[in-house]
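In the part that follows, the structures are each spelled out as structure tokens.
One chain, subunit A, links the two complexes that follow: it is found with subunit B in the first and with subunit C in the second.
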Partner chain A sequence: MNSPATPKARSELAASPGWLSPARWRRRRNALPASGRIGLALVLFWALLALLGPWVIPHPPGAVVSTTVFAPMSLRFPLGTDYLGRDMLSRILIGARYTVGLALAAAVAASATGTVLGLLAAISGRWVDELLSRLLDALICIPSMIFALIMVAVFGSSLPILLLTAALGYVAGAFRIARSLAVNLSVSDYVEAARVRGEGRLHIACVEILPNMVHPMLADFGLRFMFIVLMLSGLSFLGLGVQPPAADLGSLIRENLSGLGDGAAAVLLPAIAVATLTIGVNLLIDGLADHGRPEGGGGKA
Partner chain B sequence: MRVTLQLILKRMAAAALTLLLVSIIIFTITSLLPGDAAQAALGQNATAAAVAALRARLGLDQPVLWRYLHWLGGLLTGHPGYSYSNGLPVSAIISKRLPQSLLLAAATTVVSVPFALTLGILAAMYRGSWLDRALSTTTLAMVAVPEFLVATAGVLIFAVKLQWLSALTFVLDHPTPLEFLRSYALPVLSLCFVVTAQMARMTRAAVIDQLSQPYAEMAALKGVGSARVVLTHALPNAVGPIANAIALSLSYLLGGTIIVETIFDYPGLARLMVDAVSYRDMPLLQACAMIFLAAYLGLVLIADICAIVSNPKLRRP
Partner chain C sequence: MSLHSGRRAQAARNGAGAAAESSADNHPQVLVKNLRVVAGSPGTPSVLVNDVSFAIARGEVLALIGESGSGKTTVALSLMGHTRAGCRISGGSIEVCGTDVLSLRPREILEHRRRRVAYIAQSAAAAFNPARRIMDQVIETTMIRRLMTGSAAREKAVTLFRSLALPDPQHIGARYPHQLSGGQLQRLLAAMALMSDPELVILDEPTTALDVTTQIEVLRAFKRVIGERRATALYVAHDLAVVAQIADRVVVLNSGQVRESGPTMQVLGAPRDAYTRTLLSAVARRVAQSVAQEPVVATSGASSRPPGEDNRRQLLLAVEGLTAGYGKANDQGLPSSLALLDISLAVRRGAALGVIGESGSGKSTLARVLAGIMAPARGTIRLQGELLEPRMERRSREQLRRIQIVFQHADAALNPAHTVAHILGRPLKLYFGLRGAARDERIAHLLDVVHLDRSIAARRPPELSGGQKQRVNLARALAAQPDLILCDEVTSALDAVVGAAILDLLAELRRELGLSYVLITHDVGAVRAICDEVAVLYAGQTVETGPLQRLDAANCHPYTRLLVSSVPELRSDWLEGVASASPGPAMPATASSKDLCRFLPRCPVRIEGRCDQQPPPLNRTQQGAQILCHQPANRR
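Moving on, here comes the complex of A and B:
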């Protein structure tokens, strides 16, 4: 892993929330509390399913394979069938792939863009900083769900638009955190030393500052991923997200909502799937973080 | 006192400026519509003359800046244009829905705030006890549970299995208290579930933050009981952060209402907005979005003001 430049930097950084020196990080991971271990297990479980999905599905996800709609669990259909008689296990496996894949891509895009822009704002002159900060501060004032509704109304809901919407909706939060981290780091001694040495701005940003932002940004990335999962499945639940015949977990709940009256597994399982995924991520982050989540890391971080 | 007032006015001006910026963002995105709203409204077979006439009527032939100013002026004077889908004035449509949403929000606030504050303060008072640990784990999990799971599970248990409550919200003209309770209980409880967890967590953090201050330690050393330390020493100082927690959590309601109003088919503003998205009814969508954003910024502003009033340190120029 990246090691900080000097021991001095380490002690300075240790004060910033969420940062752990590599050695402490390793110890932490060994001493992950029980809730954190449950979270890790849940996250690994869903990551594995999303990864292996297409190779383990028992039936094609779009094919009507049963004459019974909302069939109960059986040997042939381990999780029952949906409102058209399609195999629920296959649909959940593929749906999880959509949900996890889309949210992961969007979270990576948001965190990466946020980090780059935050670094840029911190090392560039006042003007760039002011401009970026004002613009993204205005963006952060738009609740992500409202933003998503507007984007979908204007551009429709194709996968690229959903990806862009989720990334744009959460980039401002990542920028804010990255900028404050980078600003704090850019006045630290070893950055001053690099400056005195005559290193260029790019070198300072990439070699001195960036490696020390990685851990806090990773914790933030996890939370961002969770909120994107919630937003995307909420959007699909409203019928405005992933469009049929494709279906993510949110769409699966919507499709099968008519089975709710009978307590059909087809409607409960995808909802439980989303919940276990997001709870898993949340527990894992909480277990990894030094003092739990920072305050205010609420609905729209 | 003058400093406080000045500071508050400054915050209000900043909020107004942000709202203006946000309105520019919203308007810009909604004007990026691929194709033309007039063409979309009339369909592929419309004659060029008909499209041109509608463009003129909707004002789409004007320059963008002029259209923005016109729209902004309309918003401020309460006439944000006409709905594309049914031609009614947007203000008339919204004024029918807004009270319903406010009622839902008010009911949720009344139920969730006292409950969340009690939970948060109790958890802080008995920090480290089984109560605290149980609360902290449950609230952590609750934050991550999607609203639609809460709402659908609620419907399944209380409306379908037990048949205590109704699955859809019927808005009656003069409901008896019992009817009101039966029809509003599920949407309100679903919203509370999400909001309470956040608020309780943040309240606990705010109180514990105060308890770690020297004055709280001093009070404890003096022999003041732990309940009194929390209630009379820490709590008054935690008012600012707690107000902040409440405002942030309530603003989270905005996202929640969109899902909950849809599930329960509740005739509120959020439902209206989702419909506007499906029909690509831009004037209606813009107006709904601006109301939500104004509400959001208003809540944040109130939290800011509470913090300023309750904390003399923030008033130092």
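Moving on, here comes the complex of A and C:
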């Protein structure tokens, strides 16, 4: 029993200016929920730090500037020093650059490629679908860590290779999800209606199917981002990731692990940094999903 | 506690006969007073149910009538102490056999639901676990509560199966849900509910999802079992004619308020409230009203039936020898499972053809084949003499434009990500290249045509009601300025009142725009409302085609008669009087048996030795009707 439009929806209607607004797939109907706004703030904060990092660091990130290792917070070293006596604030600012830049870029690349390929597989004929599916199945067979090791062993460790490795390692999962979403949507009545209308494949894919895939794919993106952060940290742990003296947030935690017993800021702060970044990304995505979803339009993805 | 209440229930049941006989029963089984259910935040609650009061005496069946959104299910659920997420009972009292339901603690509510109240849901198929046998599920609750031994429970279940007129009551329990039909599952759900001898049975639209022919069987079974067990029941429905068969008293709900209540005969015979009269008129239209139909037919010029040449010129859609199905093709090029067998239809310009049949008759396949979504194995489709490609991909854009399809599920057919303006604007751009202000103007005009407010354009489908969505679907079809609209069960997902309004709209559009329709439906009433020709489909065959009057003709096909007579009427003795032809197993649709009459296993007038030996001949009447039957016209 579906009740007619809720009072809230009605009041929004009354408030909407003009009866014909440009039909875009997502319209700002109401502000982000509070959690989404917190997420947005966290993501913006880290993005800003990553951008401005090189200009605001108080010390060169690779230089040993203090004689005390694991020094507590002080005016000279606002976030203390690490296991070699390097300034933590500088190292985190530069580390965030790697994590945000590398991991985020790789996650975006993986999700976007997966979505496009999944959509292609769903709307193209049987052969394209089989080919893409089996190829990416083969990719998914290789454990991502071993795949990364092979890539780094063959091509050496450099930023482009790390980015490519992380993106390739996670594109198969994104493809699987995107394909199953698109296949389900492509047999829905409205897609059928578009076909009967005589719409081309491109229109069906981009206008009818894609907008309904965006929210689940965003949720998947949040997960994928965290996995990539973990993988890059893991590679750094093996000495194959970002090469010292540079370090991403993951390797900052690893290299300062010996300070954990003393509760050193050097190990806790990068951990908090990774945590706030991933939580921020996920809060933002959940907020976007809720906000883009029409009222009463079912649960979260 | 449980032992005590069990004994009390037993005592109550023993005394049930005496209590029901005395008309002045002081203690009604169910007493609801000033019930109020709200949703939303405490500050600004939206009231779903307001000040609803009623009582159900022991052994009485009370019907709760209303369209969707009227709060009838909300009221029914509240008797079990349940509200849906986000709703809460904010006032009033509910008493079920002396227990104040609202004051029960969570544990006691569980006990209340287990022992006193049973609920029969609308969709039986969804209520059964597909992985377990029927019997295990039917006796499950009794076994959990250890009320009976396993063998006693099974025995009782078989007794219930028998009184619910289920086929093969001894062995039906060993089957799995997918092996049974919707009507059988609905009765099995009733058996499950009655296993614990509940004090109150709540039936929530139990026959709404069923075919009319199946509905008769289920209604009859329910009526019998309720009578036998002197059960107290609350029957939630939107169909007054169904309620007339089974209920003693009726409560009419609208927007959460009681509009009228009283004995069934009084409410249906002499309604006091205007809303009840609206409901009644929505029902009345599906009973024969061919006379009122006449003017429409005359203006469309279809019924005058000009002979020969003229007739051919007006022909819009001609379908010949259409055969289609699913599965791999055999060596003759026919699919292994045939959904349509040698269908031939004709639709003249401005005419409306109703295609009726029960579920599984191939109606939807026909719509899909006509639209080109599915390619037929054989046969041709011509649009004004022009041969259409079997698949839509190869039809020209102009051909696609001229045939539009409106889908059954209004919400599934509208992309939830798009605004109504976008949905309506797309065909305008695609077919006519309209943009900007010209397109907006046309969209506004289309919304006017389907009687929707212009502000709807900025909304998205999930914000619309079912009726509004179906109007948007219709507007989208109209945007293409088609010659023919295929309507696939356009009203079956809607309430009687909302559905009647959509049918009125279809009739009006046809008068004003000269549209032609193929109306595919299981609802004889919808066909009566707007069609002037009819094709009756059974198991993929057209058993009868002809003018609308064929539905009430004395010499119609036996299946047509069965369909027409199965539509519930507003008489309480209708159910007893109507002939029954239980839906037996349909003939397997294989190429080898395709020549014999498909209706044979269910036919009440079959001729042994003829019908099961020879294919039925096609009889033509003077009015141009064609009937596929062996029986001579006066014996059908």
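Following the convention adopted for this analysis, the second predicted complex is superposed on the first by the 189 of 301 C-alpha atoms of A that agree within 3 Å, B and C clash if a C-alpha of one lies under 4 Å from a C-alpha of the other, contacts with A are read in each partner's own complex, and residues count from 1 in each chain.
The rule is simple: a contact is a pair of C-beta atoms (placed from the backbone, for glycine too) under 8 Å apart; a residue touches a chain by one contact, two chains touch by 3 or more.
As the structure is a computational prediction, the values presented were derived from the model and not from experiment.
**Q** More residues of subunit A are touched by which chain, subunit B or subunit C?
**A** Partner touching more subunit A residues in the overlay: B.
**Q** For A:L240, is the partner it touches subunit B (first), subunit C (second), both, or none of the two (neither)?
**A** A:L240: touches subunit B, not subunit C.
**Q** With both complexes overlaid on chain A, does A:I150 touch subunit B (first), subunit C (second), both or neither?
**A** first
**Q** Have a look at where A:L181 lands relative to subunit B and subunit C in the superposition and call it first, second, both or neither.
**A** Neither: A:L181 stays clear of subunit B and subunit C.
**Q** If we overlay the two complexes on their shared chain A, which of subunit B and subunit C does A:V196 touch? Say first, second, both or neither.
**A** It touches subunit C, and subunit B stays clear.
**Q** Considering only touches as defined above, state whether A:E208 meets subunit B (first), subunit C (second), both or neither.
**A** second
**Q** Considering only the contact definition stated at the top, list the common interface residues of subunit A for subunit B and subunit C.
**A** Comparing the two interfaces on subunit A, one with subunit B and one with subunit C, the shared residues are 295-296.
**Q** For subunit A, which residues are in contact with subunit B within the complex?
**A** 35, 134, 137-139, 141-146, 149-155, 226, 230-231, 233-234, 237-240, 250, 253, 257, 260-261, 263, 267-268, 271-272, 274-275, 278-279, 281-283, 286, 295-296, 298-300
**Q** Contact residues on subunit A for subunit C in the complex?
**A** Going through subunit A, the ones touching subunit C are 1-7, 9, 13, 16, 18-21, 23, 25, 188-190, 192-199, 207-208, 211-212, 294-297.
**Q** Taking the touch rule as given, give the residues of subunit C at its contact with subunit A in the complex, in rising order.
**A** Listed in rising order, the residues of subunit C that touch subunit A are 40, 44, 46, 48, 68-70, 72-74, 371-373, 392, 395, 397, 400-401, 404-405, 407, 409, 412-419, 421-422, 425-427, 430, 440, 443-444, 454-455, 457-460, 462-466, 476, 480.
**Q** Applying the document's contact rule, which stretches of subunit B touch subunit A when the two form their complex?
**A** Contact set of subunit B toward subunit A: 18, 21-22, 25-26, 29-30, 32-34, 137, 140-141, 143-149, 152-153, 155-156, 160-161, 198, 202, 205-206, 241, 244-245, 248-249, 251-252, 254-255, 258-259, 262, 273-274, 276-278, 280, 282, 285, 289, 292-293, 296-297, 300.
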